[in-house]
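The following pair of complexes shares a single chain, chain A, combined with chain B in the former and chain C in the latter.
Right, the complex of A and B next:
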């Protein structure tokens, strides 16, 4: 694990990461990943002492070189006592109490920032003067970064309380602070987007966050190329669908968001090569209606049909244009009685979580008709984040952690154009989470645990994703130059994350068999 | 007299195309590329898909027999190797090498084999189908691009 470039990475926040239970007596997960053992409860004190150590080292150049060559440090991984020993070596009294109490949020956050500082002082015995220079620069920048985050939180809090004047002045202050931070990468870049989103929320709330569907297409495609999240989603879902279709000759896939249809060539190819020959494959693709009269769904269907023809897979495509998923009615999908049905939802279900009290909640009605189709498998891929909490400040904090990690993972992308456009894709999501409310806020991400509860309650039972999916995901990840991606298995579901923070979760479900379901389907077909 | 004897003993591989094909079938990807620049005959042989077919599935056992029509339909074994399989193998190799160097370069004597596993082949086939789909114009709607944009992430330089 390398140092975090952005100052913020979640690990000990309240997300569904299974590794963090009680924070008080536990060793901090982030630092331990880098080889340092610090108790989470001691983080503030250690942070304070490290700052003092920095100040001392900057002011006492002569003694440093001596320390570097002659000091013997025991237990280097025990960060707290190392710092104490360094401070006492340099004859500074070790403070007993921490006075960082005015920064309550810093708990889980400060660790990686200091990690970076510590690394720059490190264990090397080289040019300590150079190191001091580096330390000073890093310290100043880290200070600004910490202040930026602090200001962002304070601004979000004042927005929540309705103190718009204060929020406005904080935004001005943050913009000023941005000049002293590197905005090309890391916390500076992410903070810039969040500052923009906050100011948009305050000053132009009615400005539309989402662009045209053509823009969305382009952003999506570049996001697909720049990072593995969508590919992971597609490949994992395909593997599960392939296994569920085993032994069936007539199969029907319902795709909740066709986009460019990039998920389906691989499935068509896999079905073509399956032992026993390919089935008859029907694909129903749901997508927004095209604004300019082009039937973009049909065009994609034609290309997929051409591919299927080349590999001798009998294929039929149907497009369903709907701007909202809850506008789709099951009869539109024309599911046949003897077909094995797979429902595929890549980051679509969270859009249904906005509740409109006048009608049945959209998510329940959609889950209901999915179940009435009696699908062999329902593949669900969702962002692993908690962006649907009722309190704005909670959502804001979560989003800050989540998107910082996402941007971090994007840093290593070597394709410059794709990377920039992928960032715009994420910026749009950030905008929606921060600026929009009510029915306009569609990015209502919820963590895997909540989806599990919801799907279990709606009459689905989980299907475990097998080891083939895991292996495939692992190989896929080796293709990406950044080594920080990790695939983890979580009770039969797979998550893809960056440096042990899961960012996207894939799961598979099957409708619990119910005596009323077959009647429901026959009735639908009679209509 | 000596000349005639010389002529009888002289064996020119280029006169025995079938043998040449059998030999070239056993080369690895890089050597095939080198072989292509030897002479026109060798170049034409290295463009035969059957040579690349052996390369792709050499170490996968049992060798998948019914894959050929699909691979041919999607663009042929040479393209499969160059666009998908080779980057997959090279990424894995570079990852293994960097891990090995990180661990102190243990055991250089054990060569990291450039063979592909069955899972790597399957993933490559999936990526290959996406490549074909994009060349049809299915990805961004632009027809006939020689290097599909979705697979650009495979084209990063790998130092192995």
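Right, the complex of A and C next:
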């Protein structure tokens, strides 16, 4: 039995939901409840390694501080790997440069010279930044607000059941109730949007939710300025791409949605400052065709080329106009044989989840051709929400809580114009989730757990985002956003959320070859 | 040195189940990385390593949870669902409690020696859920500000703010007397916070029905026999305890500060005050047990009602996993404590 005390067997190796204790490949249920995934069959080995680690740490206290300040940690939930990586750190004292002052990375909106000691002085656990009283949607005092939530749910339920008359009268009632709640913030504001969306679904379902692409551009830009979600997406993806490109002279980024190209100046600058000099950078930007004959993709490409030239980065741009990602064919991207490729998808993959049973599912086809490019890294950022469930009421409920939290976070923005227009950006999403069906419903957000399963199943393995990326994201948020935003680590991925609710998730992937390990770190990639 | 370390490791292995040993050893080693000799704390790495979980409005094993922000203070509420006849699929977060039965509301302060963990840490989320099921109570877990960035009295202030908020929620009232039946509870530093919040409550005339202290974190300037005897043997060292007190107490103060040593040379007299009855659980392999026992004595000398549960073979953290007898016996005691008629 070994030196360990035997626990009460009913508890020690089963979770409340698993049925059979003792299977070798099973995860220890109790440790899983504590956030750690350890196979029951590995427990002894992990314990043994923890002992070794402790002995090493006791005998080498100076190296503990190196381990703490310089080493990059990954995926703490995989306890066995974490302990192993600590052990290998201590056996191989190769200095790892993750001291912030060494990082070449400069985000577009950050002042330079983020010296580490300055940051640790300035970091406070709770920022005393001014902010309004904020409450999660249902912790509101007013009875009317609680009643409003009830009515919204009941209305959605009747829509699902096809009781349209009832739904209609509930909408009337809710509009009346709106006059007695504060619609400037909190539940009142977001409820208004949901009532409108339900009304539209009932009475004018064919009305288009999306506006012109010019409008979309404007909304996007204000959303970018008003809150940190897109910035987080960009700098987290850029950091991962930068690391993946380490050691490569010819690199090619494929951006699934160029928009204004806001993500790329920072990467270009970081590559310019790379020790050893910048690579040749090719950027292929995918975007919808411009309606008015302008080639907006090319215009953005020209601006980026100008920037690249100013920092001496050899740069080539190509625009690929496509209304849908699954219309893009890999040959259009003209990926060269010796290029290191990064595929970057910021909130695009979920749009491919609508299934049209006559064709190969769009997501499978796109993931398939991504894989065929053999990219060094695929960066994926998605809304952390479950808005693609088959039942309308489930989607509606999820969306109500998700967008309430998003709106709460927006309250903290002090830029009034940006805030108002950002709300419209979100209102469009709400409208799409609530009103649209079939191919028109593109906002099919799925949570990280589902994306993991999908990507793993499509032949990709995760590249873990580590404590260095986490720290940078946290610091940048503290410096540039209101208090309340929170970065969390989730099994190798990073999420950004409002207080305790993650709202956007960033992950990185690589195509599996037959001989590769089940997961990797970005720096482990060899040509 | 290496020899005595081997002995230490072997001893702790003998008294806890394997998965508990792994869990607590992992914390011990990770925490060693986070505490810097100069008294600063690697907060980013701490947050990166901490395993957190979401609140969940869908009842799981008879408990659902949701978060509220009380003036920038995050609290997580755990409660059993009550079925709303009109909307059977829906869970009402602020549904009023029973008007006939008393439903205890336990304000819980998580442990972590004032520096570690959060209300949404997985280990504490799990513990709070177990408390709900065990005691048929509502649990409010407080995400108090932590040291060293926020020293005394921040954690106590946050506890006080949470208490005032709980007391003023109509939907947390229960029983025929329509009041909020409040208990304060906590483990490690959380137990210390529970004590000090109770003192403040009593001084303000607010009623607390009981205090539940699990391995509460107390200390003092002198070295006690238990500290010397158990130093380094069961996951905890005197050195790390000292570090956490230096991180929490105001700069320049020693461990006889009343926050650390409530019945020491700087004590407040509790005699004659309507201090809540206390349930104090002490683990026999916890090196600060002499301070915890002194706390119990202090309450007794002040004429206060205190029940001590001394678990000879228990280590710190025994209540984190339900895989040992101590866990079940303590849960039973807590249930009796909050649901007794007196």
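Everything below uses one rule, namely that the second predicted complex is superposed on the first by the 370 of 527 C-alpha atoms of A that agree within 3 Å, B and C clash if a C-alpha of one lies under 4 Å from a C-alpha of the other, contacts with A are read in each partner's own complex, and residues count from 1 in each chain.
Here, contacts are C-beta pairs under 8 Å (C-beta built on N, C-alpha and C of every residue); 3 or more make two chains touch, one makes a residue touch a chain.
Model, not experiment: these values are computed from the prediction.
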Contacts of A:51 with chain B and chain C, given as first, second, both or neither: second
Contacts of A:471 with chain B and chain C, given as first, second, both or neither: both
Which of chain B and chain C A:146 touches, first, second, both or neither: second
Chain B versus chain C as contact partner of A:483, first or second or both or neither: both
Chain C versus chain B, contacts on chain A by residue: C
Which superposed partner A:440 touches (first chain B, second chain C, both, neither): neither
First (chain B), second (chain C), both or neither touched by A:250: neither
Which of chain B and chain C A:43 touches, first, second, both or neither: second
Overlap of the chain B and chain C footprints on chain A, listed as residue numbers: 471, 475, 483
Chain A to chain B touching residues, read off their complex: 218, 221, 224-226, 235, 238, 260-262, 265-266, 268-270, 272-273, 299-300, 303-304, 306-307, 310-312, 413-415, 418, 468, 471-472, 475-476, 478-481, 483
Chain C - residues contacting chain A, complex: 1-2, 5, 9-10, 13-23, 25-26, 28-29, 32-34, 36-37, 40, 42-45, 47-49, 51-55, 57, 61, 66-69, 71-72, 74, 76, 87, 89-90, 93-94, 120-123, 126, 145-146, 149-150, 320-325
Residues of chain B defined as touching chain A within the complex: 64, 66-67, 69-70, 73-74, 87-88, 91-92, 95, 98, 119-120, 122-123, 125-130, 132-133, 136-141, 149-150, 152-154, 156
Contacting residues of chain A [partner chain C, same complex]: 2-8, 11-13, 16, 28, 30-31, 33-36, 38, 43-44, 46-47, 50-51, 53-55, 57-59, 64-65, 67-69, 73, 76-77, 79, 83, 86, 120, 123-126, 131, 133-136, 138-139, 146, 150, 153-154, 157, 393, 401, 467, 470-471, 474-475, 483, 487-489, 499-502
